[in-house]
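Scrolling down, you'll hit the structures one after another.
You will see two complexes here that share chain A, one where it goes with chain B and one where it goes with chain C.
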Partner chain A sequence: MLKNISIYLSENPTLRYWIVRPEWVAVILLIISIISSIQLSPFFADLAFIMDSATPYVEYGLIAIILTLIIISGEIDLSIASMIALTAVIFGTAYNAGIGMPMSIVIALLSGTLCGLFNGILVTQLQIPSIILTIGTLTLYRGIAQSLASDFSLGGYPSWFIGIDYRYVGIVPIPVIIFTIFAIVVGFFLSSTIYGKQLYLIGTNPQTAKYSGIKVNRIKLSLFTLSGLVCGIAGVLTTSRLAVARFNMATGAELEIVLMVMLGGTYIFGGRGNIFGTFIAFWIVVILRAGLNVARIKIESQLTILGAMLIIAIILTNYIYSKSQK
Partner chain B sequence: MDLKTNNIGKTFSGVNVLRNVDFDLKPGEVHALVGENGAGKSTFVKILSGVYTPTEGDIFLDDKKVNITSPIVAQKNGVSLIHQEPQSFSHLSVAENIFMGHMDGNNFSRVKWQEINNKSNEILESIGLKIDPKIIMEGLSIADQQMIEIAGALSKNSKVLIMDEPTSPLTPNEVGKLFEIVNKLKSNGMAIIFISHRLEEIRQISDRVTIFRDGDQITTKKINEVTNEEIIKFMIGRNIEETEVKDNDYIKNDEYILDVKNLSLSKKFSNITFNLKKGEILGFAGLVGAGRTEVAKSIFGAEKFDNGEIIYNGENIINNSPNDAINKGFAYVPEDRKQMGIFGPVAVEDNITSAVPKDVSNNFGLINSKTVSTFTNEYIEKFNIILTSGRQLIEELSGGNQQKCIISKWLLSKPKILILDEPTRGVDVGVKSEMYEIINKLAQEGTAIILISSELPEILSLSHRIIVMREGKITKILNNKEATQENIMSYAIN
Partner chain C sequence: MTVFDKFLRIRELGIFSIIVVFVIVAAIIDPRFMTIDSWRAVFLAIPLILVMAMGQMMVIICRHVDISIGSILAFSAIVIGLLFIQFPGLSLWLSLLITAFVGLVMGLINGFIVTRFNVHSIIVTLGTLSLYRGLVFIVSGGRQIDRNDIPEHVVSFSQTSFLFSIPAILIFSALIVIVTHLVMRHSVLGREIYATGSNPVAAHLKGINVTKVTLFCFGVCGMLAGVAGLFYASRFGYVNPGVTGVGIEFIVIAGVIIGGTSITGGSGSVLGTFLGILLLGIINVALPVLNIPGEFQKAIYGLIIVVALALDQLIIYRMKKLSGGLNA
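The block that comes next holds the complex of A and B.
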């Protein structure tokens, strides 16, 4: 039966293109987690509750969307969480030095961009594998944040700046709106423009891409730089939500962000994946985390469950890709 | 050992790739298998050597029925496969490679080095090879590695040796050496199956030949009872006409589009000087490693060069990247199709349009999928590419159809200069002649073509002029009329 289906699909590439896609795994997992959460607590039938639960994860979600592009093009950026902390600390330091809010935000975004650019230059010019290089800058950027802020919490912001997660349009918090719009724009870019198409080609075979005249290095450099910029935005958003900036903000967040991308069906070796999957995976993480909190499952055990889910998602994704390749 | 098969067949997920093979092989015989790619000869030897199990039919060794369920079972029964690319452990010694998998230990499982080295020495000497068994594999030539793989088969007391295109990575000299060894084994009673695309070699070494086509065993003949033309006819099921170099209007003029002067890159090539007319096919002949591909890559901007000038349409240019070169009107079909030519798990239409992003998108970068499929369908029809639809993944196509897709991709960029690096490697005879038609037609339309090929008949039947390279230098530029396989070879070698 399974064999007949796979033969039928290999004779109908268009149908296969739509059916054999790993993001359906994410959709099914989302439906399962929604149903089981509603069993746990009636709160989950309330959309406003889910929206509120989502706000703390928006910062990760924004970065997960850019990380999806980076992984599709065959690279990875693990310095993301450290860039959140570093830009937040630079923002706090700048504001406390008295240069004013708008200028402090500009400096935070600029420093994020520079961090990303630095990653990109080393990866493309010195041809260092990004997984190794960004483990290095993960430590470096966190280290710079620590020497800037020591163990202090940098606070003292005006009240209009604090608590962006409590501003709503209807029942939807502003961060969730930002995230959704960002996902739609980047998703459209990836699926419908020639630049998006080229990311897939680079990730599938960088050599062929080079020989086809695709500017592989320039594109990768832009992606790493963009990753830095978005981490800067996340750094400012996090500071607004927490009202303080500390060097140890978002510790370990790189793993949760990678989890969102993987859960969404993006292939770790590059060339496949999409934003829709990452978007769905974001909501899986939100609902699971909230559901586990409501069920009074300790943070420590939550990690076990998320880890198990990630492994299941990776096994299923690999299985689906191995089927669609043959 | 006597090997016989009765009615062997193989089916992969519903597709019948091999049918009714009744084959026999005698001790002291070299039996050649020929056929186009996909004809079934590789599937057949994989069945004999235990890589695949047959869906039907029986195998007999010395009239005893055997079930060869894995390569290990095959080896225990005395059947060994010599791979096209030697499969060696490059950081281990020659002796370790020979005895890999059946090294006997002493009581404490310690390897008996003395014994293994001595035995290796004996085996190597028996096939006339002077290699110290204690040296490390790395650094030995492909030919030597292949001989060591044969020695490994001998150490297992193999009685049947299957050689899958052993000569394709070898130089003519090394082929001669290999054949000496094959003859020696043959006189000792070894039964040998020999796969090759080169009919001259088959004629030289084998006693009988079996021809496969589309999964069928067409016929088995004694080699001296069949001509090359007949073999080709059996292989493709029709006659192939000799192509002759086609003149065109462009090359009668002296309109040079490319002028390369003293191009050099240290350790790769030096003082490369040649010119190229519109509509001309310029062949590059030479041995593997003569520097032809490196010159092509430097012109295309994929690699740098140290000195020299490239004059294109009267202007001095440097291509800093392939992107640069493509914008100026260059195109390069690389020799390594899998690594540099295709995006494997990607749709054919995305492969075909990958070098012309601007032609399939608007000013904002939005892809026009209608244009993508129009372009794709145009070339599917023009070149008779066999597939189910443009959305099919290119890696699912046969080698020949993949190559047609790559040529289509570059023709879409409307090149003025097309560099073809081994365009017919791994492509079967039918597609090959289609490819020659395409190349000739492009030249007639005024495209200047650089054709790098290691197949002399191909170079001779297509090129207006032939450049012969050896060790990074041009040793001779020949006109087609004065060129023969013999004089090209003599300039390529010394």
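The block that comes next holds the complex of A and C.
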């Protein structure tokens, strides 16, 4: 029967285009994880519980959406987690220096933007492969955060700033609303504007893109800068949620962020992928993490499952794309 | 090729002169830096990283990167620590064999996924970095291996030996470095690794089994990280699942890259890598002597990686321009 289906699909390219897509893997995984979680604990049938479990991952989700754009354009940014920590520490240092909350937020966002710009300039001007450069800046930014904050927790923020995850509209926490709106806006940008189409072309074939008059370097530079800016926003959100900023916050977050993008079916070599997949994958990670916590599996042991999922997600996506290209 | 060789030699001269300048400056600022004690500290700090750097260098020459080595180190250290609790009489040679085997298997898993599914090695090893770290917690149950769990003959491995009481760990890592040099420079396999790194497609057409060569590099890299696990247990006398080996991969990569190994594969030497690691070791010991707080160490290492990457890219750019092949 499988053979019949595959023959039928190969005779109908349009149908195949819509059915053989990695995003459906994400949707199926999401459904499976929801059903198995409900079997595990009745709490999962409660939408408010899932919404509450989602808030700690919103910061990662925001970055995963920008990282989707970067990976579609054929690059990658692994310094994201360090940029969260660095901007949070700069924010804390600035606020404790007594320059007021609005200025501190501006400085945090600005420093994130500068970090991203630095990545972007080195990638586009010196042509250093982004995957190895951002491994270097990962160490650098985390190191600067450590030099600034030492081993102290920078706290003492006003009460209106702390606990953004406890503000709700109905049953939906404000961070989840921010994330959803951001995903819709970026998704629209990617699928329906000319800039979005240019990203796909750059990822598919940078040389052709260049010769067709697309400003490849300028677009990549702006993507890396945007990634820095969003990491700045995530840094401030995280500080608001935890009420302190430390140099070692979001350690290892690059695993979860890259996992969200990969589970969403974005092709690691660029040129394919979309925001819808990343959005669904965000909820998979949320439900998976909450489910593992409910099952009382230690946070550290959960790393095994997340790491294995990352590898399986890449292999599966590559397999589906190799099938859909035949 | 002769121009290339000459060029490599100049590159190692560069890092060597940086070391000399750094040592002279440090010695002028504070003469305490030139005492035997601080040099003993330098040479006790590097064997662990040096052994791992040999494997990492092979992987990078082969156009890949393995960032899971810190977790491999932790896993083999935990395994050998748990074995020491069960069998305190476990001989040093047997424990070396066990750690090497554990590391080899984990390295081969990395290599298998990379070669079989053709995915970028950094993404694969980002996954196995967490996977192996999770295994460390599962195997150890989150408990630390304490000083009194590690038998005396293993601890003395990093403190003394039959030869002028030079720590045996140092002699052993020197042996590994020499063997790596011989393999890379004077064996067919070593030349095949360079060929694979410079141009995998051409290497395949030339009849080199690229998959096998890549697997070999990842296997050796894992194996040496496993051996480093035993070094760690011997040198520090404890193994903590949450601390051991975390972030060490970036120090190793920093050392390899500033040693002149090109991240685009195909070039790099054992001597350069040794000098790169030596520079990091000297910086590590010089920081407290120069009154720079330890918190700055990571930032300095990060800066070194980024600067070395930029320099490497500039040199490649210049070389392409010189050979007239620059058209992109």
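One rule holds in what follows: the second predicted complex is superposed on the first by the 315 of 326 C-alpha atoms of A that agree within 3 Å, B and C clash if a C-alpha of one lies under 4 Å from a C-alpha of the other, contacts with A are read in each partner's own complex, and residues count from 1 in each chain.
Just so it is clear, contacts are C-beta pairs under 8 Å (C-beta built on N, C-alpha and C of every residue); 3 or more make two chains touch, one makes a residue touch a chain.
Owing to the predicted nature of the structure, the values given are computational and were not obtained by experimental measurement.
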Contacts of A:36 with chain B and chain C, given as first, second, both or neither: neither
More chain A residues in contact - chain B or chain C: C
Shared chain A contacts, counted only where both chain B and chain C touch the same residue: 207
Chain A contact footprint on chain B (complex, rising order): 13-14, 300, 302, 321-323, 325-327, 332, 334, 339-347, 350, 354-355, 357-358, 360-361, 364-367, 388-389, 391-393, 395-396, 409
Sites on chain C touched by chain A in the complex: 65, 67, 113, 117-120, 122-124, 126-135, 137-138, 142, 241-242, 247, 250, 253-254, 263-264, 293, 295-303, 305-306, 309-310, 313-314, 317, 328
Interfacial residue positions of chain A with respect to chain B in the complex: 3, 6-7, 10-14, 17, 192-195, 197-198, 200-201, 204-205, 207-215, 271-272, 324-325
Of chain A, residues touching chain C in the complex: 78, 122, 126-129, 131-133, 135-144, 146-147, 150-151, 207, 252, 254-255, 258, 262, 268, 298, 300-308, 310-311, 314-315, 318
